[in-house]
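Next, two complexes with subunit A in common: one pairs it with subunit B, the other with subunit C.
On to the complex of A and B.
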């Protein structure tokens, strides 16, 4: 049986060949290199959500078992989307090939493959668009940059549109504002029409549809995992926090990615939420139904994303909460911020969120009624409502990775920094062109965080890792904080590969460590149950 | 669909060798899978595999690593209750390798 191929050693991977192939791009076929693409979706996952063409297939095989009329399906799908999405139609037409985006993509920087230049990635689809949907392309063909949709072209789409993380860094630099992520989304919708999703995306989608979250955690498992964290919190602080589940009449529903309920270091972030909410005496509830903030459906089709997103409002309505608080997640916030109200709104059964502690009214969230936990906390800190001891994080030199979706997708730049500066004494920024709206992707977003495409992930993450290495060398940074569950999982692997002495955490892990809770015992351990350096000594000196 | 041949039967697995049908699991199969990786399953390995299977029966997913670590600490002592010990037993990682021998599916999502 084929096992996931391990990537080459970092020294080897860092030798990137930027010389373009001898042949023109249309004459250079896509080569499926092991370690740079994902497994094809299993039929059971497609069947569970009613996706087309469920069958046994392998993305490494020649024959993908497409339906006979596959070309018709794709072209019809493309035509439908050109009509439905004016942005997409515009992006197919307006590129002037200025090249401003060419070297802005982390996958191009890390691979040297010209088809990872955003302009050329989009051209893979534009060329087909021209051939079938423009007069010039129909008449002049290749002279007008048009080409036929062939089996190989379809596979080339698949290969390269699953080498884009929809991070939108290229769009920041495009003078026309072309959003290549939207082109990738359309491409993924089209391959999905033929059942050609990846297993790593289709699995979580099916789980989420059946069980409410990507991991497929059942209600008693969610409760048991959280209770386990509650035990750890008690061991660390001496305080027993008491979260509630599916509680009708709670003021706030809390929704976070299920990765926080299962995988380290997300679980430490989750402990941070639990501690903060307890300390505030927040009237909130967890839901074992709306138990996923993230939405891998977004990486298959808008329709699927809408179906999965629906449960958040449905649960808020069922429980009768006033508003929704959302955890540290990336693409969840892109969806909440830019799609949720149109898809599943209006949420007129909810109220405009008001912090019960400070009275701040979050008018920015008046459409969706969902507030980001970092925004919520920044407001609390601003009003002096939380007692924090940043010296407990003194052994950490922290830098902050802006997640693509929260930064470019909704403009959350200041809040996480404001929080970090209040819970840590040592904070250092990575270089200016690698943070905020120009942040470099983790290299594994949009459902690319599988195991079998590890070489691709390490290549795509190189620019981010390189910036971390810079602050590691210069300031001794040893902790990479972020506010996204995919980041917490993906950056951990990325750091182990490129910058092994840097660890990864969610912002709320730092918060949990710094939070001074009423009646707590002296902290000697951090949230990872590891000894807190310096705390013992400090005590002795005081005595 | 890839298969592995065991005791004259073709057993379906995914591309990374995880069982497709959890009912296909047997102790013999676990031993056979480990042998293919050059590992002989000891009592220490079985302690973990059995815990994983029991946990899965109850919760329909592999346990969080920290639950596994705590459990091992409880049953086998503090010196073994750490991820380092688990990696010694299962060099490809307890979450992956031990789950594969135990016949559990691999968790997916933001992990």
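On to the complex of A and C.
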């Protein structure tokens, strides 16, 4: 594999040419520019989950070692999916190419490449659909916007459908609700039929399948990682929290993305959960088997996503819990909210979630039986059940990034804001057109948060970063809060590149800082073990 | 190139009608046979397309949520932008279909020095689209006076509102003109906005030119090259009552107008114009966001190969035991 190429300097990257090329898009071949695409999946990862065509290959090579009948496989797969998904079938047909979506995509805004306009990204596939599945396309060919499926077209698909983060922003603006994510998902299923996944996605999928989480943390490692956090919490608060693992008979199973268990700032968010649950005396357990809320299978195929998602209900059933609580994560919540019950339900062995502290019945989760930790906490705060000291976050000027999936595939807007307003005193919104349903992607979602495609990620993240820059300039915002594990990792890199004086945290890190725990010692450090401004002097006095 | 090709096709269509009626006097063909064929193609085609879409199931509940979800009772839920009930969905769809809600959100993104991205409101496409579709609908309703007897009072009402400016004789009907203006705008933006030009296909220009020609021929016929309106009604009533007659001497321009309309009808089901039917079926808009409240079933759900807990414990049992994590089999 070639070494990852560093992205150009921000001021270079920001010179973006939006004028389309002279040649029509069908006559403009895709150029695989280093820094804008990922490595091809290694065979061992595909073998582990039984995916087709495992082989050594490189996405930068001429020859992708496709099977002889690759075209047949793709076209058959395409036809099959048209019959299975009304969304896909409809979105192949009804686009009028009005262009309203064009400048709504973060990758188009950041790259100027017309094939990153949602409409044209979709046309890459529609043109093939027309050629093989419509009479007009068969008869009129290019005049009807149809083209043959060639090796180059297949590669072009791969290149551009791994430049879409399935964020659904285009679908908010489309007059017919055409959702490029639906098309990207199908495209990725099709390229996976030929073993053309990216290594960055295939690895976590294989890990998650066998070991239970993307990072491949084995049971004892999960436990020891959490033990490290427990130690840190004790150092900060003087209180030793006691999480349990795979405990039968607990009331609640807690599932969060494994990103929270490994590497900061995810671990700080995880400490926030641990502290909150301890303070509440919640009867809950972690699972090492269902140790992943996220689901990179979703970026591969619906079937793979379902296979990984299976563990959550299976483990809830085995442990005999009453309901499931889910941590802060973006695509995990799209899946829990819109897919899980359909894939692996009914969850009739669970009970409708009821908060053991406030007695609130979460009717909005009565079928799926899974509650978002921020919904759970908002309810607690509303009932005055947690003691919070927001002044401990006074050194922070916070803004909130709405994650794509929880915004446009769920609609959790007020809950996190309600929590943030109760745990810190300085909260500033980014400009209206860049938040809530119009939020901009981190640029690294849907499995694109690899290292070798850094230029692409920094380009795609430009609109988000630019809105952060705005509140940074205007209000001195220095902390970007969010409720997504990929955001916590990806936005950190993005901020270092575009707005270096802004840090990134999960909402529950802010919660952990503000949470006043019974019997805790005077806080002198925040969850990052950094001195709390205003408290240092006392610390010295104590010494 | 797409534009020129489409324009030439429309010109050829006009010439065909001129030659066919003005030259060869094929009034029966252009006045009866083609209209019937066109309407039959339209009806059969639209039904075929919609049924074909409808036969693909909606396996997952995937509304695009554009507002606050319904969760805790004290949090204000956005009923129209993120509906949790059927009534909410009807409201959302009505806003979408009647007022083009999503297009109303349109923004124009600009990259300025800095870099600084700014998002300006951009309602022109929304406005032109709305004017275009509503004018078209009103023009269509107005034309019912050619196909009904007695003419419903609603048609007269619309006619008089449409002509309330009372300019000229016959009265200028605004919607005809607005339709022509809007369609011209839609054409011009397609040509002048570089990104939109880049994505445009002949299939995008053709309906614009066709509708432009239909509106223009209609306006010409009403105000300039007048045709015998009584005879036109005789023909159209004959068509509507399935008892076709072809009166002599209507005037060729009428047949040009009619032929273009027939082309539009016949072309409709095979084109992007089917967005008219498709918008109602769009799963990102017409579903309730209640997927955690109600279970939704995928009709083709099938069992998949999974990695069970037993297999997992088998692999990690020793490590789990050493770490003090409970196991099923000691």
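In this section, the second predicted complex is superposed on the first by the 534 of 543 C-alpha atoms of A that agree within 3 Å, B and C clash if a C-alpha of one lies under 4 Å from a C-alpha of the other, contacts with A are read in each partner's own complex, and residues count from 1 in each chain.
By our rule, a contact is a pair of C-beta atoms (placed from the backbone, for glycine too) under 8 Å apart; a residue touches a chain by one contact, two chains touch by 3 or more.
Just so it is clear, the model here is predicted, and its values are computed rather than measured.
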For this session: Put subunit B and subunit C onto subunit A via the superposition and say whether they clash or fit.
Result: fit
For this session: For A:264, select first, second, both or neither according to whether it touches subunit B, subunit C, the two together, or no partner.
Result: first
For this session: In the overlay, answer first, second, both or neither for which of subunit B and subunit C A:133 touches.
Result: neither
For this session: With both structures superposed on the shared chain, find the angle between the C-alpha centres of subunit B and subunit C as seen from the C-alpha centre of subunit A, to the nearest 10 degrees.
Result: 150
For this session: Based on the superposed arrangement, let me know which partner A:18 touches: subunit B (first), subunit C (second), both, or neither?
Result: second
Exercise. When the two structures are overlaid on chain A, which partner does A:306 contact: first (subunit B), second (subunit C), both, or neither?
Worked result: second
For this session: Mind working out whether A:217 is in touch with subunit B, subunit C, both or neither, as first, second, both or neither?
Result: first
Problem set entry | Contacts of A:228 with subunit B and subunit C, given as first, second, both or neither | first
Exercise. Between subunit B (first) and subunit C (second), which, if any, makes contact with A:294: first, second, both or neither?
Worked result: first
For this session: Of the two partners subunit B and subunit C, indicate the one touching more residues belonging to subunit A.
Result: C
Exercise. Looking at the overlay, what does A:32 touch: subunit B (first), subunit C (second), both, or neither?
Worked result: neither
Exercise. How far apart, in Å, are the nearest Cα atoms of subunit B and subunit C after the overlay?
Worked result: 10
Problem set entry | subunit A positions touched by subunit B in one structure and by subunit C in the second | 218, 220, 224
Problem set entry | Of subunit C, residues touching subunit A in the complex | 5, 49, 52-62, 64-72, 74-76, 78, 81-82, 96, 100, 102-103, 105-109, 111, 114-117, 119, 125, 129, 193-204, 270-272, 274-275, 278-279, 281-285, 289, 291-298, 300-301, 304-309, 312-313, 315-316, 319-320, 322-327
Exercise. In the complex of these two chains, what residues of subunit B are touching subunit A?
Worked result: 1-2, 4, 13-17, 59-61, 64-67, 70, 96, 107-111
For this session: Quick one: which bits of subunit A touch subunit C in the complex? Just the residue numbers, please.
Result: 14, 16, 18-20, 24-25, 50, 82-90, 93-100, 102-104, 109, 114, 117, 119-120, 123, 135-136, 143-145, 168, 171-179, 182, 209-212, 218-220, 223-224, 245-248, 288-289, 302-303, 306-307, 310-311, 314-315, 318, 336-339, 341-343, 345-346, 360, 362-368, 370, 375, 378-379, 382, 407-415, 418, 431, 433-434, 437-438, 462-463, 466-467, 470
Seminar exercise, completed: Contacts from subunit A onto subunit B in the complex sit at residues 1-4, 39, 42, 56, 58, 199-200, 203-204, 207, 213-218, 220-221, 224-225, 228, 232, 257-259, 262-264, 266-267, 294, 296, 329, 449, 451-452, 485-486, 488-489
